[in-house]
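Shared chain: chain A. Partners: chain B in the first complex, chain C in the second.
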Partner chain A sequence: MWNGFFGLLKKDFRLMLSGRFFVLALGSLVLYSCYINFVYVKLDQEIYPVYLYDPQETQSVISESVTKVESREALEAACADRYSVGIDLSAGKPELYLLSSGLETADHYRMIWGEAVLKGTAKGKAEVIGLHNKEMKNRREITAEFLFFELSAVGFLGLASMLFKEKQMGVIRVHGILPVRRSVFIFSKLLLLLASDLLFTVLLTGVNLGFLAALEVLPAVLLQAGILSLIMTLTGFLCAVRLPDFRQFSLFYLVLAVFVTTPVFLAGQTGIAWKWIFYHPVYHLFRAMKSAYFSMSTTSVPYYLFCFGGIVLLFLSACRTLKLEMAKEG
Partner chain B sequence: MIKVKDLTFSYGKDKQALHGLTFSVQDGEIFGFLGPNGSGKSTTQKILTGILKGHGGSVSLFGEDVRNAHTQAFFQKIGVLFEFPYLYADLSALDNLHYFASFYPQNRRRDALELLDELEFKKDYLKKPVSSCSKGMRQRVSMARALINNPQLLFLDEPTSGLDPAGAVLFRKIIEKERKKGTTVFLTTHNMFDADLLCDRVAFISNGKIAALDTPGNLKEKNSNHSIIIDYLYQGRRKEQKIEASELKEGIPFAYDELITVHSQEPTLEDMFIQYTGRGLS
Partner chain C sequence: MNGLRYQLKSVRRDKMCILTFLLPVVVGIAIHLLSGMSVQSISETSFGVVQNEAADDTVTWLRQSGTVTEYESSDALFSAVNEPSTQMIGVIQEGDAIKTMISGDELEVNRVIADTLPQAYEERTEPLSVERTLIHVEADREGLKSLLTAITLITAMFMGCTFNAMNMIREKEDGIALINQVLPLTARSYAVQKILLGFIGGTASTIVTALICMRTESAQVLPFLLILLLSAYLSALIGLFIGTFSSGLMTGIVVIKVVMILFLAPPVFFYLIVPDNAVVFGLSYILPSSAAFYAIMDLFNRQSAKLWPALAALSVHAVFWSIVYKLLWSYRRCRHGGV
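Moving on to the complex of A and B:
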């Protein structure tokens, strides 16, 4: 049996090589790392500009963050960008003027900022405690997101292209009459993709977080990456074997990206608050990955039980689907 | 080697593919399973090779019920040639064979190079990807794959399809050689010529039922009208006459100067198939 298993491993590795799987993964690693190091870590949100209309000169001391305007019209024009905050003191009492940005949370922060600037309680910069400075926060955040994207989307496609190749060649059927268990056929692919995903995780984390920080988070990150890798590989396996051609698979992939991954990214990254997202299984995987990068233990026993159950269920479905594929006509 | 009794199989509620097949295959026999597309040949072969489960009736292979027989040990003893050459296109012929051979224990494996040589595989293509080979060459690699484990029971599905006449002759020689070694061969085909030349017995299958089962010779003889057509020259004119075979006992029963051809009117296996099933094979 082990001879057959190593034969399968060797063959799958060769298929991955010929399918440029590792070149793609390396390309992704370079691209993500360049973006993180040269673009993302330098990104910062510009502070909300504050405009003050104070015809009665009630404010004797004005913060450096405030720009004075001469009329109500000028105040309204300055705030037309839906980003700036206006303060109108013409009636003696401060009245905040701002056009909604469309995000309730952001508008709320703008109001707090405007009031703080007027009262003179706003400090220029927050105090940094420990190693979690803004740059490190950005690095952890975007590395988690890229890893999640790579494992859930790119790895999924890589496996599918490999399987479609085997399907087209008809060799899957030959394995139905070989003295090897069907589960071993799936297991060898799982093992190789898991190993390659874990290696990708180590490299991406190491390159972008630095050696020490990576060492600190890697055990938790590898666990989450392993779970995600197994789930996505098995889902990819099921879809690739079940769907008749790559065109249908691409369509399915589009649906998956639009309806499954996008809401998760939106809920996780923006101020959009959906209550139903809690029932979205992928959202929990995404949250667990981010938590792992921030060394926070937000995951619980039910989460791991669901993951384990899901993997077992997907594996059994994959075995059944493979059996049906082997019995198909030539 | 194979015993099948009242075999039934259904793909769905109204899709009964097999309606109670009964036959047996002896050790070392070449058994032909003949029928047109959709007649149930492939379904039967898939049940025998363990790819398809859920059949009715009883099937035993190597003296064991098929429901328990499909173990690793069973798959080590069989070889299957599919109708199409299913191979890894990016790998060479040798790499393909080494890969498939790796599933079998060392003592069962045949030498891949020797096998390919026996199958007259072009040496220049040994290390080239299979995708660069012709269909005939790929079929040779496929045959080598089916034989790599020295099987005791060989399932062949349209073995000569896609081969040129020389290739077909070679394949028939290889099958004959396997028989001499004692290998049992289950041949699924709609090529009557192959069946007639190779098979010890044939079964005609149509619409999931066996319409006839016997040796090719008996099937033809039973339905022969025992007549002979003789083409001859007499007094400078070419003539043709039909006589009964028994009339030949006393010699040619008419005057002639020169015999040109003598044709027995024995029916072909295809004629027999049409007679038994009411339909052709293609």
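Moving on to the complex of A and C:
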């Protein structure tokens, strides 16, 4: 029994090596990490810049957030971006000059802001109640999203390409007469993919969050990654065994990527309030992953029960489908 | 011409290929259906208050500057402010004044708004000391929506790349590539057929998507068509590159994934973050999709500053990559000593 299992494990590992599975994962890791560290972390939106035209030098003290310009034309040109606020002191009464940004509320605040800067009252401090600064939040947020996508889409595809290769080579038919149980056939693949997904999780988290922060969140993240990996691998296995060729499988993959993960991503990233998203099972997996990265305990017992039940159900149906497929192959 | 007919026939049997082109159209419909309001509310400043604690006039005052959500308890407000996916500013009423709280992970603009809001609230009843000139600009009010539409259009234009690459790799795996070698089909006419196929598909898909979710003036149709034709040609050519030089389906998928990310992420990033006159911005024209993206955003904003540089960049790309493909192909032929 154990000999057979290790034999299968070795064979699957070789198949993954020859299918360049690890090279792909490494490539994704480098690509994601470069994007996070060089682009995403730096994303910010600065406060409305204020430009001042003051030919008579009436303002002796100028706040550091103000840029002086030499003429009315320069002031108008600087405000053409529909974001900046201009102040013209050349006439008797100060004039706030701004181009509408298209949002009434934003325009209203821009006017308040321009006035406050002019009067020098733009100060104060809001109470900070969170634990993370912007950079750390960005890192955690995007790492959670990339990991979710990688596990839900790419692992799924990797398993399918492996299985289709095996199908082509007739491994399933050969397996029908081998003295190894069917569940072991699934189990060896599951174990390998789970291990590689967990390794990917550790590397992605370590590289992008830093060693200490990663250490803090990894236990919770690994648990969620494990759940997601098992569910996706089993779904991938089911579909790959069921569907006759890779072409149909890629169609299914496209549907999954566009219609299953995109709404989840939109809801998670922008905070759009859609009521129906609560009934989207993948949304809860995504929320759990994100909560794990932010060390928030929002996951509950029913969630884990559902996950466990789902995994068992998927495993049983994978066994059944494999049995049917073997019967079909003779 | 006959060859093209066979190519179209093979495409008709391939659901995946048809879906590749239908995808941008579906996304276009989804964007079109997204109501302007729901997209707009994302870019507004959002404030959170505790129900019954905040005075009515405070809420009315806040609503002038952003959206206001009322929460049942302060705990609910705390967790909404702390929620990483929102930029919410918590506002607490303290007698005649207000206090603000943030999570600390907000964008600079929201951080500063939260810092200065209590002072602005105190001064809200003071008479205006300045004259306000707000100029309404004639432009579309849906910044995010036009950005999403532009991204979808670029995806549609460059779908020819995915389509061609997948199609060719599949032909290789099915052994059709080997059959082609013994057929009286020259490498040149094969390349021309494939480019035409990706080109026609990409163009058709983009035109349908544009008809669904883009409103253009008649003067803009010609520049748009020029950009579309050049981009669709380039994408078909890139697909040819990937198809020719990828060994298997998995490698092809990964290359397509990388190419699509490279084609979509940098243009959006450069457009939003980097100022127009920076050297880096000029360098971004190295990617053909950047040129197409800037030109389309220009069309949306009713401007034409980036239109001609973009068209020039696309033309240079088209000529350059055609020559590179030709050279690479002859190099391969010399090395393999045959077709």
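By definition in this document, the second predicted complex is superposed on the first by the 241 of 330 C-alpha atoms of A that agree within 3 Å, B and C clash if a C-alpha of one lies under 4 Å from a C-alpha of the other, contacts with A are read in each partner's own complex, and residues count from 1 in each chain.
Everything that follows uses one rule, which is that a residue touches a chain if its C-beta (ideal position, glycine included) is under 8 Å from a C-beta of that chain, and two chains touch if they have at least 3 such contacts.
If you're wondering where the values come from, they're calculated on a predicted model, not measured in any experiment.
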With both complexes superposed on chain A, which partner does A:P49 reach: first (chain B), second (chain C), both or neither? neither
Specify the partner with more touching residues on chain A, choosing between chain B and chain C. C
Is A:L31 touching the first partner chain B, the second partner chain C, both, or neither of them? second
Chain B versus chain C as contact partner of A:G310, first or second or both or neither: neither
Just chain B (first), just chain C (second), both, or neither: which does A:G210 touch? neither
Would you check which partner chain A:G226 touches, where first means chain B only, second means chain C only, and both and neither mean what they say? neither
Considering only the touch criterion stated at the top, classify A:A116 as touching first (chain B), second (chain C), both, or neither. second
Quick check for you: in the superposed arrangement, does A:R14 touch first (chain B), second (chain C), both or neither? first
Spell out the part of chain A that touches chain B in their complex, as residue ranges. 1, 3-4, 6-7, 10-11, 14-15, 18, 169-171, 173-174, 176-181, 326-327, 329-330
Of chain C, residues touching chain A in the complex: 14-16, 19, 23, 26-27, 38, 40, 42-45, 63-67, 78, 81-86, 89-90, 99-109, 111-120, 123, 128-137, 139-143, 170, 249-251, 253-254, 258, 261, 265, 269, 273
For the chain B and chain A complex, residues of the former touching the latter: 42, 46, 49-52, 72-76, 78, 80, 82-84, 86-91, 99-100, 102-105, 145
Counting only contacts in the complex, chain A reaches chain C at residues 19-20, 24, 27, 31, 35, 39, 43-48, 82, 87, 93-100, 102-103, 105-109, 111-116, 118-119, 121-134, 136-138, 140-141, 157-158, 161, 246-248, 250-251, 254, 258, 268-272, 290, 294
